Structure formats: structure tokens, C-alpha cells
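In what follows, structures are represented as C-alpha cells.
Here chain A shows up in two complexes: once beside chain B, once beside chain C.
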Partner chain A sequence: MANPGGGTVCNGKLHNHKKQSNGSQRRNCTKNGIVKEAQQNGKPHFYDKLIVESFEEAPLHVVVFTYMAYGIGTLFGYLRDFLRNWGIEKCNAAVERKEQKDFVPLYQDFENFYTRNLYMRIRDNWNRPICSAPGPLFDVMERVSDDYNWTFRFTGRIIKDVINMGSYNFLGLADKYDESMKTIKDVLEVYGTGVASTRHEMGTLDKHKELEDLVAKFLNVEAAMVFGMGFATNSMNIPALVGKGCLILSDELNHTSLVLGARLSGATIRVFKHNNTQSLEKLLRDAVIYGQPRTRRAWKKILILVEGTYSMEGSIVHLPQILALKKKYKAYLYIDEAHSIGAVGPTGRGVTEFFGLDPHEVDVLMGTFTKSFGASGGYIAGRKDLVDYLRVHSHSAVYATSMSPPIAEQIIRSLKFIMGLDGTTQGLQRVQQLAKNTRYFRQRLQEMGFIIYGNENASVVPLLLYMPGKVAAFARHMLQEKKIGVVVVGFPATPLAEARARFCVSASHTREMLDTVLEALDETGDLLRLKYSRHKKSARPELYDETSFELED
Partner chain B sequence: MDLRRVKEYFSWLYYQYQIISCCAVLEPWEQSMFNTILLTIIAMVVYTAYVFIPIHIRLAWEFFSKICGYHSTIAN
Partner chain C sequence: MATATEQWVLVEMVQALYEAPAYHLILEGILILWIIRLLFSKTYKLQERSDLTVKEKEELIEEWQPEPLVPPVPKDHPALNYNIVSGPPSHKIVVNGKECINFASFNFLGLLDNPRVKAAALASLKKYGVGTCGPRGFYGTFDVHLDLEDRLAKFMKTEEAIIYSYGFATIASAIPAYSKRGDIVFVDRAACFAIQKGLQASRSDIKLFKHNDMADLERLLKEQEIEDQKNPRKARVTRRFIVVEGLYMNTGTICPLPELIDDIDLISANMENALASIGGFCCGRSFVIDHQRLSGQGYCFSASLPPLLAAAAIEALNIMEENPGIFAVLKEKCRQIHKALQGISGLKVVGESFSPAFHLQLEESTRSREQDVRLLQEIVDQCMNKNIALTQARYLEKEEKCLPPPSIRVVVTVEQTEEELERAASTIKEVAQVVLL
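Then we have the complex of A and B:
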């Protein structure tokens, strides 16, 4: 398969002709699903970084059993629907009144087939109410269901001190009140809780200006603007940046907020395979060569939408290659760093720092404050004229209420903590602790023999479970027997056959907590037979790889 | 003691069957129905195998030996 721009992908410069000859050496080795890429850049201050990711495929019998289980679930779903339709069984879902039976149907019966027949049976593993701060340990309210998960009731008991492996609490800043939060109390006393206005009217406070300056300083860019809600940052600002006649190239597994923003903008959307630079390059070449569909005019703008860390896969974007492509084909780049800001990079500045790149090269840096900063809201940062344009034209600035002052103060406090401006090095220590915890957790899970997706530095760890019965059994077992709260995800958030459990490692998890969790996972993995990996590594791999122990001559 | 280990092993095996085939998430009456149907099908397969496989093997043997025997008489 020809790889036309293979050389340029790896090197920031436009020297295709030299690289054609050794293009085959640069091919990604994808044997058995493990991708290793040696990525080199021409600029002197980049270091050679080996991107180690793995997306191992499941053994064949697992996939067969998964589809078989879904088939059996579907058959029983048809049976129950038949019984409900013919009145033999009571229908607990929404139905129209009998006077409206002849009207156009209000509730689409078949589209909710999966929800009604499979999701309802295992629904007790989601939407579990908690009653404490989402720190490393939290309290879960106990609830039972009498009619197979159609309704729940609380028993009144609380399951205390459950280890939290599900909250996006990467740096441990989402915790109970402690003395360092005193400034938030002061801000609450002065400013109150509500802003009661939009940014354009009377909702711009000096707290927002302070926060925006601090965010710009943190990210090392010219300016930033903050918004009250992270989802709305994406969905309301992409329509302000692109419109009809523009092209959006978005990754296959982008978050719903990016997809919604892209669709609302009215631009043409083309999707490239997840994290696959060859697919992106092919789309870019076609866009530049063929232009718009009917008129063949040049596209007004080409915007590449990617995320810093993809939370369902645990993969980190291949930023250097995408930057090289963007420079070659003159496209714009929008990175959504919701899960990677504060969590990735030596000082927590995000994917640009992780790869050692200059943040000025990315056109639009977007992120949220929900995950690593323990607050809510989002930001968009970049050049000053971009941010000034957004201040005037963003839908969120005109119509949505601005960020609440105590939340803004919490973000200011977290940013100062991470940057070290409060006089201590605790912030940096937490970022490093998170990196250590992540690598330890991932390495141990891989040694045990589970299939883990993603980059070894991403703090979101998906563990593949595949079968729907095991998904339910895993979540229930972990909460009730082992007192560990995990989040499991299935269809439609993931592909049908790839249901997974998603762990979010936090800097506030101590080594003992991680060891408890790992031991519990070991036992559960043996009980439910979840260790599908065929690459079981021994504890000391280096000794076995050596063929001789003599010194090389 | 050994009987208890065997019983534990079989109950673990039954649990594995339940979670792999999605029976763990079905209601009890659905589980019984599914188990009954599955056992019925397996019983029918076993019965058919017991009754018909010897006869089929004997017929196949006669057929092939006739072919080989015919071949050898022609060769003579």
C-alpha cells in the first residue's frame, strides 16, 4: 500500500524525496495489535520519543461468545416485547394513552430495543448516587430494586469508604474543604454564588479576567477565554469558528460535544480513522486536490478536530505527525485537552508539553476544568486575535451565563497550586505522582494478563471485558464484595463487542490503595476469567530477551 | 472433602456458563426456559448420534469398500 507522504509525516520539514526510500522502515509494526512508532523530528530540542500504545485484539472464542450472548439477549428481548405488546406482561416503559393510539407514535418502540431489553437488566451499575466528595475514598448510597431495575429504592444504608476508581480526579483536587480553600470562602462572601448575566451584558467579573490571564500564562499562549460549561465550550464555539464552505476533519472517536459543534456549524464533516495519520493525510490531499464537492472551489478553511487524550481508548493523539501534516497542507488544528490538561506532560501543561512542542503551533487549544482542576467550565486559548474574535462572536458569550465566582476562584487556586505560584512544590509533586501511579497501575495490569488499551502514559485505563454478562458481574462484584467503585461502559458508548471497565488513576491514590485495587482485580479476573491477553509478561522481561550475557565487543 | 471440591468446581463452571451466555442478567423464569431449551437440544443431538452414527459408518464403509473392490477387480 503506497504511502505518498510517508516521509513528511515523521519529519517536520518538506523533504519527501529523501524519505521515499526508507518509507518501508517507518511502517508501523502492527503485528498482533501492538503499535510501536519511533518518531523523530528535525528540530534540535525535540527528543526521540517512543510512542508505546497497545490495542490488542481479543481471542477468537471471546468475540464469538460475545456475539452469541448478544444474540441470546436479543431473542429474549423479542420474547419480552411480544409479551408486553400482547398485554400478557405489564409494560413499565413509557406508552401513550389509549386515546392517542391512532396518532403518530410518540415513543419509538424499536429504537429503544437495546435500552429496554438489555440495558434495563443491568442498569443498577450506572447512575449510582454518592453522598460524599469524590476523593480517593467516597461513600455510596445503597439501593435495591424489587422489579428487576425498573424502579429503585434506597435502603437507607451507606457503603462507606469505597475506593474511587471512576471519578476524573486526576490531581486529587476535587476533595472536601481544607484550609487552602479559604480564598474560595472569601470570594463567596464578596461575590456570592450567581452571576445573573451573560459575558456580553454584565457578567464579566474581574475574577474572570484574572482567571483568563492565569490560564494564558499556564498554557504559555497569548490569551484565553473561559466559559461556564465544558460541553458548551465545544458545541458553541466551533460554529463561531467555521461555517458553510469549510471542511472539518474529525477523528472517529471524538467526543459528542465536538461532533455536535461540528454539526451545528454547517460545515462539511469528514471522519478519519482513530489516531491514524495516513488516513488523515489521504483526506487532506483529497480536500486540497478536489476542493468542495460540486463547485470544485477551494475550501474556505480546513479544521482538524482531535482530542489530547481519548478517554474511552486511553490513547494520546500523535501530535507531532499531525502538526507536520497541518503545516504541509495549511490546515488549522483544534485540540480538545479535556482529559490531558493537568494530567499529561512533565509539569501538567498538556499534550504539547508531553511531546516537547511549542503551544503556539496549535491554533486553538481547548480544555475543561472539570477533570484535573476540580471545578467546572472550559476554556479556549490561542492567539490574541482568535480569542478577541471569540469574545465577540461566540454563542456562549452572548447567551450563556458566565462562570460562577467561587468556581473561578477554585480554578485560580488550582492553577496556582499546579504552577507552584503559592510557594510550594506540591503541585508539581502531584503531577509526578500521577505519572508514577499511572505507569505502575498499567504495568501491573498488563503483567497480570488483562487486555488494556492505550498509551502507557494516559491516566485513563480501559480494561476490556467484552461479554455483557461479565460487565454486570464485574461491576456488582467490585462494589459489593471488594468495596471498589468502578465505571463500566458498554454499547453505545463503545463498539458493540468491546465493553470495558474504565479506571481513572488519581494522584491522591496511595500505593496501598492501588495495591488493594490490583489485588481485587486479580481475584475478580480469576473468578470471571477476564485475563485474555496473550502477551503475558514475566516480572523481569529483560533477562529473557538477552541471548548472551557477555559484553558486546 | 473431595465431593465438596467437586461440587464447588461444578458450581463455578455453572457460573461461568451463566455469565458467558448472558443468563446471569436474565430473570429466573427466563433462565429456566433457556436451560430447558438448551438441554432439550443437546439431548436430541445425543440421541440422534447414538441411534444413527453406527448405521452411517457401516453404510459408508460398505460403499467405499465396494468402490475399492470394484477398482481392484478391474485392475486384475
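Then we have the complex of A and C:
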């Protein structure tokens, strides 16, 4: 999916790039100067924010060893396949029915090669079942395999109180029932669980209307519409907005749902380098000046697809620059704030608030309720005519069942909590706690010497592991020895040589939990030799003082 | 020895240089300079790229005007003024402030307000909270999901089942997981929109056959066979799939399964209708289903189903297994209303007699679809006034491949009493007579 070598860096000064002498595309970044930027629309807007993003390159020996590891794995894979074909080794995988053996094979052999020989060896690190709410601590069901991960069985034991660094629980709103959830219980008892009809037919409940009004108020836009699934929000609404004869400019590392939506729409898709405004500008210029290929007709419209926070890289979109480009070239902007709504910005309103911009300047604001609100579903918000159009033409409104009422109630409750409409300031405190936790966690990890990607304010922290063997060892060690649940990601969700562990910091992680995790990471890092960074900073205890993390607003 | 010969050759060359005529040397010199110039000059660019000056480019950028992001929508479009349901969408539904009997929601087994289902969901809410905060691969797999998959596999008598968190996404993710570019899919014309989107995402060749016409399908298959024989190498790597619906939502008819095949590879279903929950599932042999765990896009890249909805589905399955008698009751009610609605002047019943969701179409349609839709909406509105909640079947007119004619969809549920069914039938008859006269 993602191309290797697509890393970029946002420096403090826009016209100053530090290039590495070997001419690689990756650039090292250390803290740069203060950004003062006047926006192109003439309104001067200054913000004294340090934008610090880093995508450090791995030392050469690590890359060499990683590729060697994959090479050895592949060779062994061929050997095992050979043995299995000739019956020397027992084949544990499911096979096609006898009657259908002479059909064309259902799966390409090569497609499955990676799954069979590399993924299968370490697949106990994924799909781990849990049996409690995904709060800051959770219970993992223990499972073992007797045949090298081909099948699993549950021993019946439960590993209790594992620290959860894997679930997207940014504001800590996904927790087991407590009295504040009484409204959800009431809604469940009155409305039931299902709706059994689409929005256009008999499926619009008063709860949906209430929710949509509240979402619009939260985001400070004119109107909003909600859908039952976040993935489907993208894949069913982008085709409604653009079609043949339109151009989509999509970031290299966009999520599968955005890519699927773009493909289903039938528009022409061009990809620009991750978070790279120069690449985007070049594409925009070419598109406006030269029009459609071959016929030279002008494009009907141009839509830029970006995400607020990219979950695999931990980077935050360079919104001010993209807005400037958008205004100059009259393109439309679609931001997917799945990972940044509720988590980024002084009051949790997303990337527009983070950069101090007006949400009306973005044409389509999309987000999901799964991550910060502890529910499920997605929304699209923007001007009233956009939302009205989607109400009529969205595939989801016509053919898919609407959102379940207790889920809608949970989102309403979470929104009221964050906005402070329930009468307390706890929501705001949680947003600020999340920011503090994020900064602390990232700072400590960088000081320990790990390679961390991304913006210092992004709550998703990717820690690079590179080698496939270390990926498995890291995940297993952290769960079994240290009782910490982590998520590791490898190919194909990341480039082949950049397997990583991904931590999701939550507002409900206490300082003690974070310290436990950091200690465990320190030990594991030493054990597995993961501290690749060449920019080790000395520990400065005065930075851990909470007051220094107060946000500017 | 070698160096001596080399030196000797060199001496000869120098001598030749001295002895050559001047014009020869000058010519050679010019040629050498020319070669050096060609080597170092830039490559020849295509004419068009260098045609526009910077100023012209800036002008083009200034002048370009895109279309508006969304075209304006007329204010009286029916979708903007849809029915708002206050309270639960159960048997007695409150639509736009009026209490009606629900003939529009797909609540076939009446489980939407079943207290056992609600209790199970509540127990799950107390233990797990609401959301799962992650996809199945990253700590989003709860024991309820595994339970539900086991129960569904047992219920459908297959080896394995996989659940999705959205009904539409189930089939739309399952099809592209198996069928890729270059494969061939034979699909019925009346297939629903979700199947169409799945096929579009898979980029395979699509061959449509006439609705429920097995002869047409056979003809297409035979044509394909002839094609294969022309190009056997390609045929060996092209997979072929047949996609049919069990009960077609667009027509209310059933596919002739026994004629079609002897064994089914994949069954995909929706938990949002009879099972009173949200989401969908696929079931079949492990060989087939396991593949979706890594390549079903709606499964891998999306958060898992909230546990309270999974618990509700499990309880619904329990109820279905405990009283299998309700299916017979439902069938009987379908037959009753089907018979009662025959013979309405102006409307014809489309669908099998035992299908719980069938359509009422205009017998003679006026030339324009808009006019038809308006007539049917009139009927629906007047029935609503008489406390019978109905709805028109909604489609995205520009996006459907084979757009079905406009119709009113009537849904039969177990909870409707015989008397209510009679009342509904007579109301529709009266209203139709008034409107379509």
C-alpha cells in the first residue's frame, strides 16, 4: 500500500529544508524556529507554535538486516511449500473441496505466499480476543497454539488488568457501564437495538436528528449528517460528490476507505507525496493549466483528500499550507478526521482548531465516532447545501440501515461531555490531559533513544521496529512478561522494511501507568536492541513539570 | 614486449598526424567539437511544454472556474422531508406525530422490541460499554464476537462465519475479496445496490442475466465456454462466480436454487432485519471464509461491531432456535395479505406469496417516472393518514444499473394480527381507488 521512501518533514520555516548529503528523500528534523505565517487571504494570522515532526531514517545496518530477514524467511517459505507439496510436511491449512479441485484455484498461490509463510508464524500477535471494556486496563483471553499458529485454543485463563496501549480510546470514553451512562440504558429500553430501515424510508428517528444537530454545533458548522459505519461514510459519499470528469488528489498514505471511495467514484486519481505541499502544488498547477489528459478539457472539479492525523505515521496534515493552495487553485478540500477529532486541538475540535483556522474554510469535514467518542459510526459536516445534497444522494442514506439508537445516545452523551453541556468541565480536562500525556510519552521515548515518527502532538505514536523477528518478540514479550497490550503493524499496512509498534495514548492513562509502560519499553528496548536513534537527548527532569505543557490557549 | 609495440603504434599515429593534409585535420576537429556539443546539450523537449509562458499559466489559473461542489437540491425533494419516527420503530410506530401500524420496517420476526433481546443488550452494555475502539486485528475482537460467529455457523450449518459491522459493507467487501480484475461474475439483473457496488469495487467482468431466468444464465455460461476454448491459457487463470440473492429485495421473488447448483460456497446475510441488530455476516466453508479475515476491506480496516449489538443478535438467534414455529406463522400471514391485496384496481402485487416483503406497482404506469412516484406517494400519504405506515421503495435513480419501476413496499411481520392485516388491505384498496381513478 504505502510506498517506501515517502517520508517528509515539516520544518519550522517553510523555505528552509535540510537535505541529507546522500540525497535521500527522508530528512532529519530537529526543533526548528517559530512559524509565523500570514495566510494568503490577507488576514494575518500568527501562531507561535513549534511544528515538530520527525521521520528519522534507520541506520544502514538495520535496513540491511531487515531485508536479509525477509529474504531468509522467503527462502524458508519456498522450502516449506516444497515440503508441503510433496507431502513430506503435513499441511494444516484448509483446502478446497475434492469436487472443486479442478476449478481454477480460488486464491493465487503467490498472494498467499506471504500469508502462509511469514504472517502465519507470528499471527498470534493480532486478533487477540479480550473480554472486558477497552478502557485503560483490560482483560486479554489467553490463547495458545499447539501447531505453530495454524489453530488456536483458549486455555480458559484470562490475563487481567493488562495496560491497554492498543485501543483507540483517546478520551477514555469507552469504559464499562457507570451511572453517567444511564441515558443509554433508557434509550436501549425504549428504542431497542435495531432500526430495520434506511434513512429515506422509515429509519430516521428523532434521535438521529438530535445527534446531527449536536454534531453541527460541536464542529461549529452549518449542518451534519451521521452514518452507521465510519468506513462506509467515506466509501459511499465520495462517489456521491465527484464522478467522471473530476480529479481527486489524494495523499500517498490515505486510509483504505478513502482509496475505495475514490475508486468507486470513477474520477481520475492522482497521488501526491505524503504531506508534501510542493508535490500537491505541482499536481494542482498541472491539472488547472493542462486540464484532462488528451482531450485538454477543463476538469469539472478538483477534490483534495487528506486526513487530519495519519495513524500509521503519526503525522498531522499541514493544513494552513493546503488551505492556501486550495484557495489559489479553487479546489475543494475533504478532511478525514477519524483520528484527530476529539484528540487534537485545545478543546478537541480537530485539526482546524489545532491550527487556529475557521472550520468553514474546509469544504467537507468528515470524521468517525469510533475513536474519541467510544461508539461507532461516522459523520460528514459542512455547509447546509452540501449536507442536503448528501441526504438525497448518499448511497448510505438510500440503501443502508441507519445508526442504532443506543449508539446514537452514546455519541450524544460524549459530545455533551466534551462540550461541557453536562455542566462539568471534565470533558475539557480530559482533552488537556490527553495532550499532556501525549507530549510526555513522546518526549520520554525520544530521550530513551527509540525512533518515533510523527508530530509531537499526535496521540498515535509509532515506534519503529524494522525487523520481523523483533516485531513478534516485542509484542509477545510486552504481553506475557510485562502485561502491556501493544499493537504491532507490518507489511502490507506499512512499507516492507518499516514494521512498527503503534501506541495509542489515552486521557485515562494515569502518570503511573505511563511510567510503567515507559519502564517496560526501556527494558524491552535494551533487551531487543531497539534504540536505533542517533539523536539521543539527555533526560531533562524539568520538562516533566506539568505546567510547562500548558497549551497556549 | 607489449609496451614496445604500443609505443611503436603511437609513434606511427603521431607521424600520421603530421603528414595529414590541413583540411582533413580541420574537418576532424570540427566533427569532434560537434560531438562534444551534442553530448552536453539538453535533450530535445516536446514542443507543447515550452509553449506557455509563466504569465499565461498564471492567467489560466486565475480564469479557471470549477463547478460548485454540490449542485443545488430542490427544497421539496422527498428525501429532505422524510418521515421522522419518534420512539422505537416497532409494531406501533409514531411517524410524524401520528401513531400507525408499521408495514414499512423490516422487522420480520418482531424482535425489535422483544424484552429478552433488550435485556441481553443491556447486560452486554454493563460489561463492555458501547464501543470497541479498534478493528478486529487490534484488540477489537471480543468474546461476544467469537460467540456470535460460532452460533451463526451452527445455525446456518456451515463451518465458519465472519461478521461485519455494517450490513451494506458485508457483501460489498466479500465480493472484491475473491473476484479480481480479469475474473468473470454472472449476476442477476435485479441484484441489490450493495452487490453492484461490490462488483464495481472488484473491477471484474460482469455479465448480467435476466432475472431468475436460468435459461439465460445457461446461454451465457455456454458462450463463456466457447470463449474459453478459443483462449485456453487465459481460461485457466480466470475465476468464475455466480452471485444471486436468496430473496430479492427489489422484486420479492426467490431464486431457483436447486436448479442453480448443488452446493453453495458463500452465503452472505444481513443481521439488520430479522435479527434486530446491526451488521451482517458471511458463512461457508473455512477455506472460503478465512480469506476474508485478511482481505475483506470492511472487516480489516473498520472497527468491529459494538458488543451490545452482537449480544442482541445472539439472543435473537436463541429466540429463533427456541420457537421455530414463528416461521410458519409468518408464512401464513404473508399468504393472507397477498391474497387480500389481489384485485386492487390499478395496483399489482409483485413478489412471491410467501415473501414477507413485496411490492405494489402501478398496473399501468404513466409515461414519466416522476409522475408514477408522485401517485404512489399520494397513496402512501393517505394510508398514513389512516394510520397505516407504508413506504415507497427508494433507489438512487442515476446510479442503479437496472432501475426497478417505482413501487410501494409492504412488509409483513409476525406481530401484525389478522385483523390488522385485513384493515391494511382494505385501506390500501380504498385509497388506491380514490387516487388512481
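Convention: the second predicted complex is superposed on the first by the 486 of 553 C-alpha atoms of A that agree within 3 Å, B and C clash if a C-alpha of one lies under 4 Å from a C-alpha of the other, contacts with A are read in each partner's own complex, and residues count from 1 in each chain.
Here is the rule we go by: a contact is a pair of C-beta atoms (placed from the backbone, for glycine too) under 8 Å apart; a residue touches a chain by one contact, two chains touch by 3 or more.
All values reported here derive from a predicted model rather than from experimental measurement.
Novice: If you stack the two complexes on chain A, which partner ends up touching A:I122: first (chain B), second (chain C), both, or neither?
Specialist: Only chain B is touched by A:I122; chain C is not.
Novice: On chain A, which partner's contacts cover more residues, chain B's or chain C's?
Specialist: With both complexes superposed on chain A, more residues of chain A are touched by C.
Novice: Given the touch rule stated above, what does A:Y148 touch, chain B (first), chain C (second), both, or neither?
Specialist: In the superposition, A:Y148 touches chain B alone.
Novice: Touch test for A:G73: chain B only (first), chain C only (second), both, or neither?
Specialist: The answer is first: A:G73 touches chain B but not chain C.
Novice: Report for A:M467: first if it touches chain B alone, second if chain C alone, otherwise both or neither.
Specialist: first
Novice: Quick check for you: in the superposed arrangement, does A:L528 touch first (chain B), second (chain C), both or neither?
Specialist: A:L528: touches chain B, not chain C.
Novice: Based on the superposed arrangement, let me know which partner A:F65 touches: chain B (first), chain C (second), both, or neither?
Specialist: In the superposed model, A:F65 contacts chain B only, not chain C.
Novice: Using the superposition described at the top, list the residues of chain A that contact chain B and also contact chain C.
Specialist: Touching chain B and chain C on chain A: no residues.
Novice: What residues on chain B touch chain A, complex-wise?
Specialist: 16, 18-27, 30, 34
Novice: In the complex of these two chains, what residues of chain A are touching chain C?
Specialist: 94-97, 99, 103-107, 115, 119, 126-135, 138, 140-141, 164, 166-169, 173-177, 181, 184-185, 188-206, 209, 228-232, 235-236, 239, 241, 255-257, 260, 263-264, 285, 288-289, 298-302, 328-332, 363-364, 368-371, 373-376, 385-386, 388-393, 395-401, 404-407, 410, 485, 487
Novice: Could you please specify the touching residues of chain C with respect to chain A in the complex?
Specialist: By the definition above, chain C touches chain A via 52, 57, 60-61, 64-67, 69-73, 77-80, 82-90, 93, 95, 102, 104-107, 111-114, 117-118, 121-122, 125-134, 136-143, 145-146, 165-169, 172, 178, 192-194, 197, 200-201, 235-240, 263, 272-273, 275-278, 285-288, 290-291, 293-294, 297-298, 301-303, 305-306, 308-309, 312, 389, 391-396, 399, 409.
Novice: Would you tell me which residues of chain A are touching chain B in their complex?
Specialist: 65, 68-70, 72-73, 76, 79, 118, 121-122, 148, 467-470, 472-473, 528-529
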